[in-house]
Amino acid sequence: MDSKIKAGVVGATGYAGAELVRLLAEHPAVSVDKLSSVSFSGQEISKIYPSFRSGLASLLEPNHMSMLDACDVLFGALPHGLSQPIAADCAAKGKVFIDLGADFRLTEEEVYTKWYDGHFDDPDLHAEAVYGLCEINRADIRKARLIANPGCYPTSAILGLYPALAGNLIETTDLIIDAKSGVTGAGRGLSQTTHFPESSQSFAGYKIGLHRHTPEIEQALTQISGQPVVITFVPHLLPVNRGILSTIYCRRRSSLSEVRAHYEAVYADEPFVTVLREGEFADIKNVRQTNCCHISLHEDDHTDKLIICSAIDNMVKGAAGQAIQNMNLIFGLEETTGLPRIAPAF
Amino acid sequence: MDSKIKAGVVGATGYAGAELVRLLAEHPAVSVDKLSSVSFSGQEISKIYPSFRSGLASLLEPNHMSMLDACDVLFGALPHGLSQPIAADCAAKGKVFIDLGADFRLTEEEVYTKWYDGHFDDPDLHAEAVYGLCEINRADIRKARLIANPGCYPTSAILGLYPALAGNLIETTDLIIDAKSGVTGAGRGLSQTTHFPESSQSFAGYKIGLHRHTPEIEQALTQISGQPVVITFVPHLLPVNRGILSTIYCRRRSSLSEVRAHYEAVYADEPFVTVLREGEFADIKNVRQTNCCHISLHEDDHTDKLIICSAIDNMVKGAAGQAIQNMNLIFGLEETTGLPRIAPAF
Amino acid sequence: MDSKIKAGVVGATGYAGAELVRLLAEHPAVSVDKLSSVSFSGQEISKIYPSFRSGLASLLEPNHMSMLDACDVLFGALPHGLSQPIAADCAAKGKVFIDLGADFRLTEEEVYTKWYDGHFDDPDLHAEAVYGLCEINRADIRKARLIANPGCYPTSAILGLYPALAGNLIETTDLIIDAKSGVTGAGRGLSQTTHFPESSQSFAGYKIGLHRHTPEIEQALTQISGQPVVITFVPHLLPVNRGILSTIYCRRRSSLSEVRAHYEAVYADEPFVTVLREGEFADIKNVRQTNCCHISLHEDDHTDKLIICSAIDNMVKGAAGQAIQNMNLIFGLEETTGLPRIAPAF
Amino acid sequence: MDSKIKAGVVGATGYAGAELVRLLAEHPAVSVDKLSSVSFSGQEISKIYPSFRSGLASLLEPNHMSMLDACDVLFGALPHGLSQPIAADCAAKGKVFIDLGADFRLTEEEVYTKWYDGHFDDPDLHAEAVYGLCEINRADIRKARLIANPGCYPTSAILGLYPALAGNLIETTDLIIDAKSGVTGAGRGLSQTTHFPESSQSFAGYKIGLHRHTPEIEQALTQISGQPVVITFVPHLLPVNRGILSTIYCRRRSSLSEVRAHYEAVYADEPFVTVLREGEFADIKNVRQTNCCHISLHEDDHTDKLIICSAIDNMVKGAAGQAIQNMNLIFGLEETTGLPRIAPAF
């Protein structure tokens, strides 16, 4: 079919890249035309991931240069710092670039420099980038050519807090986000921490007070609430492959039933966000391998706390799926095309 | 679209049923019109499986009676012994019935009685039933109205041995099938064995010499080889959700390279069967959540043994996926429609 | 050896009971003389737990009555509400009773009634009970005959907060305890939530704002700080067998290094509590199957939060191990006798 | 206690070494005096394994030289090929050496050279080494100064077959050993295969027909049966930390009840071997973290096969525990001293 969108994935053998390739390969309106990998250039991707054996034969390019002309859209799934030149090349060629890395997520260079020790090569390009959290920035995304796909933790935290902050239902101080992520969040690189015998019975926090997703979350929440939001963000590593659950603590200004009514209204037409019923708890299992976000709302009566649980699949809504959702919006497709909404029950 | 196939699932809340519902809900040529469940009649399926929250709202019928008129095809996902009356009702109404249970798999009543302690209500109906192992019985399946969908272990064992027996490449005596299945194979019913704290660090055999899939495998292998095949079949329970790996031991009559060439030839055009390359090992991970079967071939030089490893997902190719593959064949669809072929890499 | 302490376990086949039996069987100063189980009375315990096959043959008594005369100490590992009569019988016979249930943990009947829907049969007996958190109540425990062994979550939370509250290093308001427990915390009883295929990929909160350990934690923290402490407590279920990690959020009044110095001083001589070094994170893996508690201290600079991570094994320090630690104190043994301090590395 | 055995572990930071250190540290008749590690020389072992934080502070020596004088016994837990010089140094100093590596397991240099690509530095030393499978070679072990501690798979296979072969109850041809091992069997070294996200849902065979434990098993079985035994050995990697289950297929010469009676007689006085009852299945869970071996016996009536399931913990009876059992025998201690026999039930 000539009319398919020609997609390329730069960095196809990292975990986010491999998930992108899998989802794009089953997307009815896309042809996966080009993949690249610095480490495995010249090999078939099924050599690295035998799970592709029955469905995709594709040689890996060394980098994005050979992909620019062949593709309508490039996805970047690279370590931070490597996307800026690709974005520039895409802009020069008039191609859409959807960056799963962090290079274009922060709007202020000073903050980017502080947390990522890098610089904005071309501030105009940064000004043009749209933060690709579809449920919030849908209109801008439709017109964008350069997308900063949100981080996994930020997606879960921001979707969990958006209605509460936008509706002024909670205090904006003392927000605490206790987040837990599956091990794929640590990527394909080997480490003792992710060696099976040492991770399968492990659960611990890491990078407490120091995680780079902190400024990204604060930037988004500040934009939503219109006033400076400062958070305490603590990530943990869960011994499962996929999923992020953020348990969010805040002081409520409204009753739980008002809060729930507001969340249901805000997300009423969102195909990927479900506000769970009273008595239900957001569970990473129920959004696994989907582009969905489940949100459950709870209160602690005797301390007047609102507790929000927000669950996503870190590799789908937190990375590859949301990138495709952005692509769908940009190319005028039905937003849900090619994105699973039903998790395997087991 | 009016032209969609109207499908119903009888027994939608068991594990095979729930997997069928999930796959049918994302099948482009099917509308899932009716679901039933004795246990949860009158409830929404998303109450039992919150993973359906974002994708399917469907009330559960009490039984198949209300489904017969509304559907073109019924799938039965019931404990053995309950499918015969449904098959009869489908036949009377001219509907296709695909039975995931064991009622129609064995061709001889005597064998069925011995292993399942049951009887053939209507021998004519049994005579009409086609054993739905698509790679072997494709032509008959296309014309069938009543399918006996193969068991999970048999699918893995038979696909692993089919080319070797059909090609006369191994002895037909002393066949040993050492099989390992994920815990979903034990179903949704609760037991101490499948209670997380007691299963997560467990690995053991069960029903050694007594498993009901033994006669089903022997029947199929005997048909393939044209002479009586008797097997030793030992199943084990693996502490993962999905997957069956059968390690099959036989005495070879040909060299490993001849065997591999023959397997590659037999399965060359099969969309769901991959013969792995030398040095590769069939792994349940690489077929997870797909309708694929990976087969790897090995030898033990100093004992002249051929060792065949055959991996499937017990819930997909071993149950729900193969049932849909049968449906695709019967209704003249592309055989691969709606059936995943790329496993998540993690 | 005649001089061994004769111990009996009432409720030996529940998870806390079975863990007690295992630890007591390897305790050098104890003989496990009597076990009881309502459900499996008259059977050998190795029928229920084959892991006892090589080490213990013991018939299960129907209840505690036959155990009173034979034992020096009874451990109660029963559902809440069943321990009061046993405690009374032990008191009458002059036997030590260590209750792993909740019956004697709360000092005020009103609070007990509110959360457990029960009553104090004999207020004098309640007045006599000592809350068995050894690191805090050691002197009283040594003289006690009736011990209320702390709950699993409370043990982790209280040990994590004790030095900070006792030393007045944090605000006593807005304390948040985000706790995660392994599945053994849910006990031996079967449920869909703990069925392997539905729990192995799951992570979610439960009983938010409603968990019965809330008043127990508040009672202990209030005693420590000398002023009313109110907490927000949110438990989650982790897909591992053992371990609790509590991530505790509070507002600090001192610098992190002052806090760490104070923790190190308070716990300097404690054989089971380790304050981890800067850059280390408390991990359930490192205390698994031990009676130890690992505490790591962190800060979030830009919000002035102190974050305390406290890890224990819910079945050992959170139940059976602490019960034995109490027994050791009461019977004048070295406190560490028979209690593992080195976790398996994998 | 001055009279404690002074033990040293060469290679203390590999998995077998770390398990040795843990077990020795809790052994009542041993003091762990010296540990070495090439990779972490000069560091505390608790830096590498925080699970040692509460129980052991020990600086790592660079190699065995500094340990010879301080210790009565050295354990070698090194990659194959590195133990021969240590054994020579121990012999020269009159110290006991227990080698967990493969250097001294094979009695014929030719076979060693073929499978390990190495040579016997000193054939006299090899002649002196005793194969440390205690249940079979107990008398020789008591007099030995140099022990070749058996491999993990061989321990499970040989204990499973010993009574059958010694009692002439099975044919010696066509023996098939289908073995499954937990991931710790692959050691501490990192690889994509043991990276959590790629191993947690995986199950596959490896090194089929090529595993180095094959000649070790055949050597032992040949000695037992008195005639050449050739086996087919296929190992698989199980997604759990610990445990080996060998499912062994053979042709029986006696009835199952005769076989069971013989096994019970042979192992009647063995403290670590349990022959399970009819209807029970050997499960890795029930021997986890113990030095025990559980054996269950089964038949396949219609093929006259005897099927033996043999379960051990690969790190304990398959490595560190058996090494300590050997030490106990050599130093005249009760054979069971310091070796757990009750597995955690969960």
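Just so it is clear, A, B, C and D label the chains in written order, and each chain counts residues from 1 on its own.
One rule holds in what follows: contacts are C-beta pairs under 8 Å (C-beta built on N, C-alpha and C of every residue); 3 or more make two chains touch, one makes a residue touch a chain.
Keep in mind it's a predicted model, so treat the numbers as computed, not measured.
J.: What is the set of chains touching both chain A and chain B?
T.: For chain A paired with chain B, the chains in contact with each are C, D, in label order.
J.: Starting from the Cα centroid of chain A, hunt down the chain whose centroid lies farthest away.
T.: Using the mean of the C-alpha atoms as each chain's centre, the farthest one from chain A is D.
J.: Would you kindly tell me how far, in whole Å, the mean C-alpha position of chain C lies from that of chain B?
T.: Whole-Å distance between the two chain centres: 46.
J.: Using the average of all C-alpha atoms in each chain as its centre, how far is it in Å between chain C and chain D?
T.: Going by mean C-alpha positions, chain C sits 36 Å from chain D.
J.: So the centre of each chain is just the mean of its C-alpha atoms; given that, what is the distance between chain A and chain C in Å?
T.: Those two chain centres are 39 Å apart.
J.: Pull out every residue in chain C that's touching 2 or more other chains.
T.: Residues 15, 184, 197, 200-201, 239-242, 283, 285, 288, 345-346 of chain C touch two or more partner chains.
J.: Can you tell me which positions in chain A touch chain C when the two form their complex?
T.: 174, 176, 178, 180, 197-198, 200-206, 208-209, 230-234, 236, 238-243, 245, 247, 249, 281-285, 288, 296, 298-303, 305, 307, 309, 311, 345-346
J.: Tell me, which parts of chain D touch chain A in their complex?
T.: Residue list for chain D touching chain A: 15, 182-184, 188, 190-192, 194-197, 199-201, 239-241.
J.: Where on chain A does chain B make contact in their complex?
T.: Contacts found on chain A: 15, 18-19, 22, 25-26, 28, 49-56, 184, 241-242, 271-272, 274, 276, 280, 283, 285-290, 292, 294, 315, 340-346.
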